[in-house]
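Okay, here's the structure, questions in a sec.
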Amino acid sequence: MAKVRAAVVGAAGYAGAEAVRILCAHPGFELTCITSTGDAGKRMSELYPALLGICDLEFQPHDAAAVAAQADVAFLAVPHTASLAMTPQLVEAGVQVVDLSADYRIADAQVYEAWYGAAHTSPELLAQAVYALPEVAREQIAAKPPVISCPGCYPTASALACLPLAEAGLLGEGPVVIAALSGVSGAGRKASAKTHFCNADESVGLYGLPHRHTPEIAQTLSRGAGRPVEVLFTPHLVPMVRGLLATAYLPLAKPLSDEEAQALYAARYEGEPFVTALPLGMMPQTAWVEGSNRAQVGVKVAPGGAMLIASCAIDNLVKGAAGQAVQAANIAFGFDEAAGLDGSCPVV
Amino acid sequence: MAKVRAAVVGAAGYAGAEAVRILCAHPGFELTCITSTGDAGKRMSELYPALLGICDLEFQPHDAAAVAAQADVAFLAVPHTASLAMTPQLVEAGVQVVDLSADYRIADAQVYEAWYGAAHTSPELLAQAVYALPEVAREQIAAKPPVISCPGCYPTASALACLPLAEAGLLGEGPVVIAALSGVSGAGRKASAKTHFCNADESVGLYGLPHRHTPEIAQTLSRGAGRPVEVLFTPHLVPMVRGLLATAYLPLAKPLSDEEAQALYAARYEGEPFVTALPLGMMPQTAWVEGSNRAQVGVKVAPGGAMLIASCAIDNLVKGAAGQAVQAANIAFGFDEAAGLDGSCPVV
Amino acid sequence: MAKVRAAVVGAAGYAGAEAVRILCAHPGFELTCITSTGDAGKRMSELYPALLGICDLEFQPHDAAAVAAQADVAFLAVPHTASLAMTPQLVEAGVQVVDLSADYRIADAQVYEAWYGAAHTSPELLAQAVYALPEVAREQIAAKPPVISCPGCYPTASALACLPLAEAGLLGEGPVVIAALSGVSGAGRKASAKTHFCNADESVGLYGLPHRHTPEIAQTLSRGAGRPVEVLFTPHLVPMVRGLLATAYLPLAKPLSDEEAQALYAARYEGEPFVTALPLGMMPQTAWVEGSNRAQVGVKVAPGGAMLIASCAIDNLVKGAAGQAVQAANIAFGFDEAAGLDGSCPVV
Amino acid sequence: MAKVRAAVVGAAGYAGAEAVRILCAHPGFELTCITSTGDAGKRMSELYPALLGICDLEFQPHDAAAVAAQADVAFLAVPHTASLAMTPQLVEAGVQVVDLSADYRIADAQVYEAWYGAAHTSPELLAQAVYALPEVAREQIAAKPPVISCPGCYPTASALACLPLAEAGLLGEGPVVIAALSGVSGAGRKASAKTHFCNADESVGLYGLPHRHTPEIAQTLSRGAGRPVEVLFTPHLVPMVRGLLATAYLPLAKPLSDEEAQALYAARYEGEPFVTALPLGMMPQTAWVEGSNRAQVGVKVAPGGAMLIASCAIDNLVKGAAGQAVQAANIAFGFDEAAGLDGSCPVV
């Protein structure tokens, strides 16, 4: 069977490069085109010598028509607002868009504008876009909406930590506090004071308050709970390359035992190919999912019984970005949901 | 003027070794005695080659009479419950005890027993002990109580992040959530799976739930607020040697602007030799206080205005342990509060 | 076609666990049995939660007959001297042995005894064992000798850095100095002062002089050069989990230009599935091969022209251990040499 | 006694900032002026929040007359060739120059030009400059030459590793190979792909071949040996902030035992305030000298007895830059050689 031709738009950044890595070994997609306006003319392996002999494609400058001529599906790993401009052209040209940016995640264009500081210029596509967290939107993704909008890294881990409780109607009143920790690759490939080894190593701190992922997380939890949920989200940068942990402090609508909480999560994620509810007594470590599309979630009722602590670990570049995008594309194109994503990750 | 003779009991562990490092350069104390039952006979510099030529003292097995013969003050850097046994003997022998363990921190012996799993065997000394956070107990420390009980690392950072709001009567109803991050030295010198480089590096996760520092934090915040405060405390281990960050999510009793919040913290810490309220827009990084006794606190009102985010960075082994102990001892013995602690730390 | 049944003996250690990880995704081998005397009864995923759902086999205590009943091939990831005892029994029982230990690497039993402090107890098998560096012994491996003896991590990188020059008769007189750097996983899974995060992080140093890999490296270079080559090998421990770099300083028999040196290496490794001679101007980084079975080699003639600098990067647990063992087993069992080893590694 | 007024020129970089940190706590120097053309108008503590409350001076644009009006001594922490322009003006204006750049290190202007690609424009001052490695040039430094030219980081560690053997006439024929490892702060404060956390972390590699420090090292060893010594120097970048290790492979002119080698080094460094010859069996770790001006040297005769392995650890920013500059200035201005440099460093 002919493979589905795939392009990665914005392939020079970390999420794009990770999409390239995954697609190169995918049984159903064939990577035919990579774009990067800033690095046009260079080869992928010049920027990422780990891909020497694996992907030596040349970056093309972005052009919707050229992408459409080469690809059936385009993974957009571009900064927010850049996708706003590119997506309508690609959709028009008949390309299935899988968007890793924030541009089609927030259903309410006004909320988008308030947090991202830019008007939403394609409200029609926004209305048709699907927020593609496979664990909640599998059928909608399978229906191949014009824009498959992939969740952000923090929202993915936050959602997986909170949704079982919210969906079960067990989330109590009051704000959901989420303390998240991300490796430095989350800050992108651009060299800056923040990403300088001597600043990032051996140090931790909060950053980016209030963070733009807040409304996206609130949207997901509100949908899950069936009522507005207030979210207080704070990200910390920690000295590691990959990995993201979101620890949520969830008010309980009624007391739960540890066992009940774990059973709730285990039942919710049973059969999910990429999400594991850990047994009681285990809390996830980001290293346990590094390099893979898997998520691990651990729960513990707080002393006193009024709150649940739920912690979720993912690889920010895989389940938090490129891997989840491929997972959604697998669903949309009818491949096994785990196709190209079943590799195990380093065990140490 | 003759120096005050000092002993470090339990000098082989990280907190003890840090006390040794500080005391070796102290203008008022003279380190005369180090003990470690497990390493008796070895030299300090065998265990810590960084101290070659700086401290080549030999570890003695612990013996209260021997310590009393050699020292006026003893810094106890021993595991909890070990201090319970040693402290009464040292006090009896006329030694000023500065205890870094948890044994005299919790005023309510029943709470201690519930969390530490051991009966409190010296309730009389417990009643006289001072919880020696200098920023709240300067005068009580100066009165030289028999036991100067030094706060734990997490409780120190948590207290400095929360107290200005609590003391001002601005802490609202509901639990105070504290998400804390610690470097691996907080887990101690013992080699274990948890502290193995290959497990600790490039990974983060929650651990030790519920954590024993919870009641200590609740005690401090309750004293500050003048009413019982519920605390939900969760520690994460992060891949760095030193440094501790406590981020607190504080319900506000009434709305505050960012400016008001910052001004409150700045006023509270004005004149404090070791605590800095950062200007608005800055949040602390642990690297900025690494190796020093300083603490930095940053604040930000959460979107919506119902909660305050307050984040405090310390070096877990200095302000979180040995440095704070020396700070308290400086107060007790009438030295400049910053004596021996004024060294700046590496800027990168 | 039925898969070849495989056992990993000593699967609880890092090299063994890496073999497990690779074999679980291998198209031709089926992992049927894992042993660990110390962890018998536990599940693989208890020790390595990254393998939850991927390998949940239970460790068996080692028993040659039991292994033989379950497996056609056994990968021995046990400490040196342990293999000496196990290998003859397994061979006797008809199991193909792929030995990752040092026990069958040194052809001269006296040299083995001098460096490893133990008599060699199976000289007959030693005489039949093949030193299984696929890049030099492909045909011998394909002949399925009773013991396929896999090179050590340092010797693999050192050999790949030096062999093209030695084989071309261009290695001059004088010792070959090799300065090598290894990540901490090279020190094994055992928790010790050396592997404690607080000792290994943010520090580098030499260790283990003289190192036992010295005679193995000398044997390989001497075979390549066709005359005895003296080797001065020194390993450094560096603060990373995986990765190994060997930089060799090679006396030149006659002057070479950079271009000639690079061309020599490129020609030698052309067609090799796992070894890449980097273009001039590039030197390898261990991150570029992390998690993969690939090796990268860069060369540069030293100022003055009398010496060649050749640097090789590998992942110590893959090309330096488990990956290379599977590569050799692929050859022996007639699979594609890259079967199960073609996954790309994380690009950041 | 009035303090000696000091300026740090180029104070925004890492070496300059480290000089600032040291001078702020120095008993004899008073830091009066910091310059940085690129950051003029900002405060030191804006760039380095670790110095909040310790140094809040404002960066001035560089101007020789202004520096001369404010300072008796200027520490120049500027890129090579920048010092060439600044130094003559400062000397002219009566300022004692302590130069941390490479511009006055190489006595032969032609060698300088060949390696640094710039003509040497102040040969008269070059002729008067003293290469200020205190362990070999204490008296010349005390004579207050117009330019005190401080050794580079790699040359300092290399010299301390090799000089005892070279000075004793025991260095044999053949090149001295030096494999060095540096933390990322050695690459400077500029954000670049090389210093991006995601590239530098969890990876090692060679860089910068041939490296400009080669002729400086050769000059020092040749002076020590009293004859030309050929040096093959290769630096590796390793994932840590600070620390530098130079391991030298030294041909022996005659066989030495381990004990003889160690005794030679111990005798050479006896009484040196900052250099320690480690006992046999110990090799230095960079963490053991981190944050301090100390150097540790370990030696081991290679198997066969023809070569000596000597390894030296320093903190690249202290003994390798700012600390050594202050050490030299202490000598020149008649202070205790260890003034301001006696602080111990973190023990973990």
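For clarity, chains are labelled A, B, C and D in written order, and residue numbers in each chain start from 1.
Going forward, a residue touches a chain if its C-beta (ideal position, glycine included) is under 8 Å from a C-beta of that chain, and two chains touch if they have at least 3 such contacts.
Worth saying up front: this structure is predicted, and the values here are computed from it rather than measured.
A.B. asks: Select, from A-D and C-D, the pair of chains that is joined by more C-beta pairs in contact.
C.D. replies: Ranking A-D and C-D by C-beta contacts puts C-D first.
A.B. asks: Relative to chain C, which chain has the most distant C-alpha mean position?
C.D. replies: Checked the centroid distances; the maximum from chain C is B.
A.B. asks: Quick one: report the Å distance separating chain A from chain D, using the average Cα coordinate of each chain.
C.D. replies: That gives a centre separation of 46 Å.
A.B. asks: Between chain C and chain D, tell me the centre distance in angstrom, where each centre is the average of that chain's C-alpha atoms.
C.D. replies: That pair's centroid distance is 38 Å.
A.B. asks: Which chain C residues sit where two or more other chains touch them?
C.D. replies: Residue numbers touching two or more other chains: 14, 185, 189, 198, 201-202, 239-242, 285, 287-288, 290, 348.
A.B. asks: Which positions of chain B touch chain C when the two form their complex?
C.D. replies: 14, 184-185, 189, 191-193, 195-198, 200-202, 239-241
A.B. asks: In their complex, what parts of chain B are in touch with chain A?
C.D. replies: That would be residues 174-175, 177, 179, 181, 183, 198-199, 201-207, 209-210, 214, 230, 232, 234, 236, 238-243, 245, 247, 249, 283-288, 290, 298, 300, 302-304, 306-307, 309, 311, 313, 348 of chain B.
A.B. asks: Chain D touches which residues of chain B in the complex?
C.D. replies: Listed in rising order, the residues are 14, 17-18, 20-21, 24-25, 48-54, 185, 189, 201-202, 241-242, 276, 278, 282, 285, 287-292, 296, 317, 342-348.
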